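Look for chain A in each of the two complexes below; its partner is chain B in the first and chain C in the second.
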Partner chain A sequence: MSDTLLDIDGYSLDIATFDGPLHVLKDINLTVRRGDTLGIVGESGSGKTVLVRSVMGIGPKNSDVKAGTITFDGQDITRLSDKGWAKIRGVRISMIFQDPMTYLNPLFSIGRQISDVIAAHERAAGEGVSPKSARRHRTEELLDQVGLPNPADLFDQYPHQLSGGMRQRVLIAMALAGKPDLLIADEPTTALDVTVQAQVLDLIKSLVKKLNLTVVMISHDIGAIATIASRCAVMYKGEIVEQGETNDILGNPQHDYTRQLLAAVPDIEAKPARLMAAEAASEAPSKPTKLLEGMNLRKVYKTRAGGEFTAVNDISLAVNTGEIFGVVGESGSGKSTLARMLLRLVDPTAGDIIFEGQNISGIAGEPLRKIRQHMQFVFQNPHSALNGRHTIGDAIGEPLRIQRTMNRRDINARTEALLDIVQLPRNFKYRYPHELSGGQKQRVCIARAIALNPRLLILDEPTSALDISVQAQVLDFLQEVRKELNLTYVFISHDLAVIRQICDRTIVMKRGDIVEQGDTEQIFLHPAEDYTKALIESGRVTSRAANMRA
Partner chain B sequence: MSNTEHPSAPPMTFAERHASQIRQVRLYAHMFRGSFSSMLGLALVIAFLFLAAFGPWIVPYPEDTLGAVHMGSRLLPPSAEHWFGTDEMGADIFSRVIVGARTSLWIGIVITGLGALVGVPLGIIAGYKGGWVRACIMRVTELFLAVPGLALALAIVASLGPGLTNCMVALAIVWWPGYVRLVEAKTLAVKEELFVESARSIGARTPWILWHHILPNCLSPIIVKMSMDMGMAILAAAGLGFIGLGAPPPAPEWGAMVSVARSYMPDWWWYSFFPGAAIFLTVLGFNLLGDGLRDILDPRSHTR
Partner chain C sequence: MLSFTLRKLLTVAGTMLGIAVLTFVITNIAPGDPARLVAGPNATEDMVETIRSEYGLDRPIVEQFVIYMKDLMTGDFGTSIVSTRPVLDELLRYAPATIELVLVAMLLGIVVGVPLGMLSAVYKDGPIDHVTRILSISGVALPAFWFGILMQLYFSVELGWLPVSGRLPLVARPPDMVTGSLLIDSLISGNFKTFNSALSYIILPAIVLSFPCLASILRVNRAEMIEVLQSDYIVAARAHGISSRRIVAIYALKNALLPTLAMIGLRFGWMLGSTVLVETVFDWPGIGLYAVSSALASDFKPVIGVTLLIGFLFIIANTLVDLAYAWIDPRLRRA
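After this line comes the complex of A and B, so read on.
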């Protein structure tokens, strides 16, 4: 028993809300032994974050432990006092958080923040704080350990000078400062770009080996779990539905939910269904007509310092009527700026946009408003794209009311029809956005976008804020709507598996430039650029893990 | 959920359609009730509103509020007959204080109402438009904010001549810049929200966006500030009344009453004490109410 580090036994937690208690965790049983790597998989709202935060003693307010205990290294920490926590939190258990930007203080240098943590640990351990130079030495050692180049220079740099991946490394270094027995990682790679994700995962993996760490990692990304964790647990609605060896669970899932979850991950290797359908039909494709063209588009932002930042650099593209046009790239590659420029939400610095033969790059006012009826935008984050003070009915009816061509009753009827199209119950029109789930909200956003019968829909990462199983539903649904309403899509994503499944033609963007473009299948089967290859490879990790049993 | 299969389902009742609003109101009520100071503020404000509404009909000596003189009963101490005593004209102070609530309420509503009416649109326009429009509006606002409010009001009343209307006009003139500041800051934050861009992408005009998207999201701080300002405006008006620039005697105005009573201190303490206490309790009530409203309307203090 001595090698059991963390033991959660029959743990149940309620959160008191105005509507009565919410059973957030139900009868959780988990055991982590020294040297174990445990992954916890689950969708948002499954309670995985609450669980690990409870282990750290930073659970939500108004929470109430109903039953069970958490034992850490033989000590019951279920209801520890703040004083008791001081010896454990950050010292023996540390945590890496999801968003590396918000967890670093922008006003202090990297080195200072880490040496402060070291000093705090020394104080907590009651050893007296070591001199500044010793702490600096230790900090540089830690920075080196997490694979950051030039620790000596980095010591005096500030968080904003670092990239997302580097910041996450700094946070890992900080978490390691107290030489913890247990490291908790809460979605450590979610906020990072796909190619950086792989590097950070590799780092965690190597640290586990080198320092003999015990790790509990939460993720919704099955690929990440498969890379790191030897054992894994699947959480669903506050319960652990399945746990065991990672390979067993991924290769031979027992619970229905796990099976659904694995099936929902798009398979990057699978030949897209649309191609098979096209081959079966084998009709001669009619000559494609260009719906939207961008010519030599450029967007340059002026920075505060007086310099210039080129977000989009001289991009030309043509979208044919009826196709799904993919745009792939990491954050900062300029794909969102490009999308907003096509819709004239952002004015291009140079270049022309031609929609149905009409140059719309110079128009403004009323003609622009008229054109916007025909091209609509679906935003990445449905949670903030809806005004929290409007009901769903108001939100969907808003474009109709703005056009002022319909009376109240017609608008009401059309709103209900739109709710039918996006497969939501009609009584949702009285609800408010905060009462809906992410997938439902995205459907509302889509209903809003198609309310005016547009010809073109620009979808900016429409599924990246959603859970995997919901993502699959929304993608299917988007395909259906497209067929039904004869739409053309510009589909922006960083997820190559998704792009491969649905897009006809694709451009790959990097730092404002197109690095590769052409037929989607061609790009996947014969990527010409290293960058494209790296993107595809990182997509494979997840896909392979989820499709182990196939 | 069954509605999708049966499009001809019976129409929903009012309670069903507005279930979420009803829940929201109940949640607010629940949070508000939990705080003693908020409830105290609400009680004080309700008492004040009640007296302002029905004052003239419930006071024991209505004629005293209009300037009746009873030289035989001057400066009597508080008793069963005259709860708050009488003043130098023999008028019942209790009656005058209660009827004074009506003047104060009127002052508070007019000043905060005018202030918000001018300040909120200017603030929204400044925040949303930006550029030189914002620069112009904000510089003028800062000009007003740079001069101490009461001193400026004093100068304005002095040039217009004393009187209740001029007093309110002067205070409204110094009151609106606060709203511009508040609303401008809030608008700057709200206009970056995705739903504003989303509204633009479906072809909404600027006035539509301001009215349907920006204003509703600025409303909570405006409501809180208006509640707080009711108290402050009443206090400021009483201040002007105290130095003789408000309602002319014998109108029952709290500030003017305290001003006259000054020369009767400390022997005839009740004369200044009760109007003073009325000012104090009213301002306290509106401030506590404003605090309570901020606690329930500010999303950052929500713990659901």
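After this line comes the complex of A and C, so read on.
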């Protein structure tokens, strides 16, 4: 038995598109030895997912291998037939995926899905399918192995009844069903909450040890890579620009791109630049005036079962003019509901919203429309926040048209001015969203939000759908715009390093309640609640990994 | 699931009530004097008045409504003027033929449409896909009466394979009535000769009636399959080593079936309406033909009866679709 399990040699892959072939992978050379844990780091579009899917023979449809080979355990699998794959896919190489919700079939029970995988493997091995009860037993064993409680009950449950972390464990159990030699993990923690991420990474780590797995994990999260992988490769635009021991690469990056990537990860330990600037200027803070207040806000949703679900439970807050007000919490903590209530996009069940001294919780129609000029929203995902059939110019000009105070020429001029402000070329107004990158799209969304000269911007995770290097740019840019236009931000994020960098005051939310609030630095340096501590600690993992170099 | 079913049944009752009210309102706001229509063009003023009081049309509208609803509750649909028999009796006589025709057509649409849709999704842009595209476009484009006559000309007159019209040959003795469906009843009584004969009579009208339905089921199922086959969980199923055939036939089909089911429910109602055309062309003794002949004779009670019956069947079909939805999709089952 040779020591090399997976060998990718000079592998190049094109994808046929309407505009001709796209060189997605260029001359990839990668060797994975038995027992290795290899991390592949790269941003979206770097080709890392295409690469690992090619290893499993589930690459994109119109792809064409230009050169090179992939060898698994001595067997050339570059152009394997479906029959050949049956003995490998899921059995010897298996895979776990990014978003455990969309990768589980919603219409089949957990138990059915796993025992079907077991049956498929038995069929592929030609040994005949074992009886249902035996497969059930094995399924429950697998569920137990990945640390899920009550496997017997879980067997008959459906994906939508489980939490994100549990679903990811189910997917891992499925991947382990064939007792694979090689486990490929495609961004296994990206779609999970920070505290759950740590648990899933721990699980993978312990399984590697216990089952003697070889792992290839791809991620854009350097912290996750550092936790799992002993070796790592950095991908950029279809090429591997650097590979070696993880510690060497993180501690002493050779390639420019790697350096940029590491530098872009916000350092949770660093004292924010804004504080240092403030201290240097030593300006006495003027007495803050309240721009927006929420008083005893509550939002209760009716569930389908006829019960009630409290998304936001009696929250009061005050946002001062000119500050950046942070809201931190994991998914389900109610932070998005809170933000939408503040803007009156969602009606509160109880409580008042006071904007510039005026109670806006009861108003509707024209007065509400007038107030909305002054408060705008920037959404999380710029890819879905822009209408694909409207040009950028249409998108930015839309609020101006809706408020009906300007003629067409003025709207055009204002649109160009806004493009200037968000530092995009003026001719972008003729383009369509799909022609722009994620960072550019988010700038367009910001331009649209500031079109009416609002006083308040509510930003709901404005950088979490973006690559790390783009995130840094957008954050810098947001701070510039704020200074220039004298804006107040409510900034929602799950990323504590980002919050520390830019927010003056912060509230930490958990299950609809505020667990901690106050000055951001105070919260960071002296967190009072265990929940806050856990959030900060999980943020540290990534931050430390990326900032370990001298 | 049980409480879900009960809740659904309550909605059915509510909707039925709505249909009954609506039918009453429409017949009352429709222009024309029903009494005069019934009496005919040569009737004297006295005759019209007699008929008016006989039918209760001279009473206040609210009272008429109360009587109408009370009659409906007790199963009294009024009396047909032409046949002078209770409408309910006639509906019960004609409905089984229509239901049999619609169900056979529906079955044909599903059994042919779903697999063809699946195949054309799997072999998208291949020869099968092109053939089914022509099939489905002509399915929605060809008018039923024209297509029906064409089929009669070719298969009955030209080739002589199948009978032109009717439900059974005049000389044949129909089997004892159990379900009202000739196909099922003849099987129950073990009379295979009648079964074959009934089958040969139903083939052409069923094909004509099902063709547009088949076409839309095919298209919806194809579009859904294409989308589902690109979804993440299908990629995951492949990665876990499940065979392509199993993925398509079990995993993807179940997900794609949901919108197709909704389509089937809608098409069922549409088919019931289309029987008016198809039954006329094929002289099929069902409620469609009954409605047409009654309408032509200005016999309005049967028309109301047929409307209510079709509405009722449509609601039943859609309730079954809803239940099937919940059965397939665990997310819809309420706790």
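The rule we apply is simple: the second predicted complex is superposed on the first by the 548 of 550 C-alpha atoms of A that agree within 3 Å, B and C clash if a C-alpha of one lies under 4 Å from a C-alpha of the other, contacts with A are read in each partner's own complex, and residues count from 1 in each chain.
Heads up, the rule we're going with is that a contact is a pair of C-beta atoms (placed from the backbone, for glycine too) under 8 Å apart; a residue touches a chain by one contact, two chains touch by 3 or more.
Quantities reported herein were computed from a predicted structural model and do not represent experimental measurements.
S.K.: Using the touch definition from the top, say if A:H121 reaches chain B (first), chain C (second), both or neither.
M.R.: Second partner only.
S.K.: Just chain B (first), just chain C (second), both, or neither: which does A:L171 touch?
M.R.: second
S.K.: Touching A:M95, do we find chain B (first), chain C (second), both, or neither?
M.R.: Second partner only, chain C.
S.K.: So in the superposed three-chain picture, is A:P527 touching just chain B, just chain C, both, or none of them (first/second/both/neither)?
M.R.: neither
S.K.: Touch check for A:P266: first (chain B), second (chain C), both, or neither?
M.R.: neither
S.K.: Figure out whether A:P106 sits in contact with chain B (first) or chain C (second), or with both, or with neither.
M.R.: second
S.K.: Considering only the contact definition stated at the top, list the common interface residues of chain A for chain B and chain C.
M.R.: Chain A residues touching both partners: none found.
S.K.: Would you tell me which residues of chain A are touching chain C in their complex?
M.R.: 56, 58, 82, 85-86, 89-91, 94-95, 97, 99, 102-109, 116-117, 120-121, 123-124, 158, 160, 171, 174-175, 177-178, 304-306
S.K.: Report the residues of chain C in contact with chain A in the complex, numbered from low to high.
M.R.: Residue positions touching the partner: 231-233, 235-244, 246, 251, 254-255, 328-331, 334-335.
S.K.: For the complex, give me every residue of chain A touching chain B.
M.R.: Within the complex, chain A contacts chain B at residues 17-19, 61-62, 343, 345, 369-370, 372-373, 376-377, 379, 381, 384-390, 398-399, 402-403, 416, 420, 423-427, 430-432, 435, 445, 448-449, 451-452.
S.K.: Tell me, which parts of chain B touch chain A in their complex?
M.R.: 1-4, 7, 9, 12, 16-20, 23, 26-27, 30, 193-195, 197-205, 208, 212-213, 216-217, 303-304
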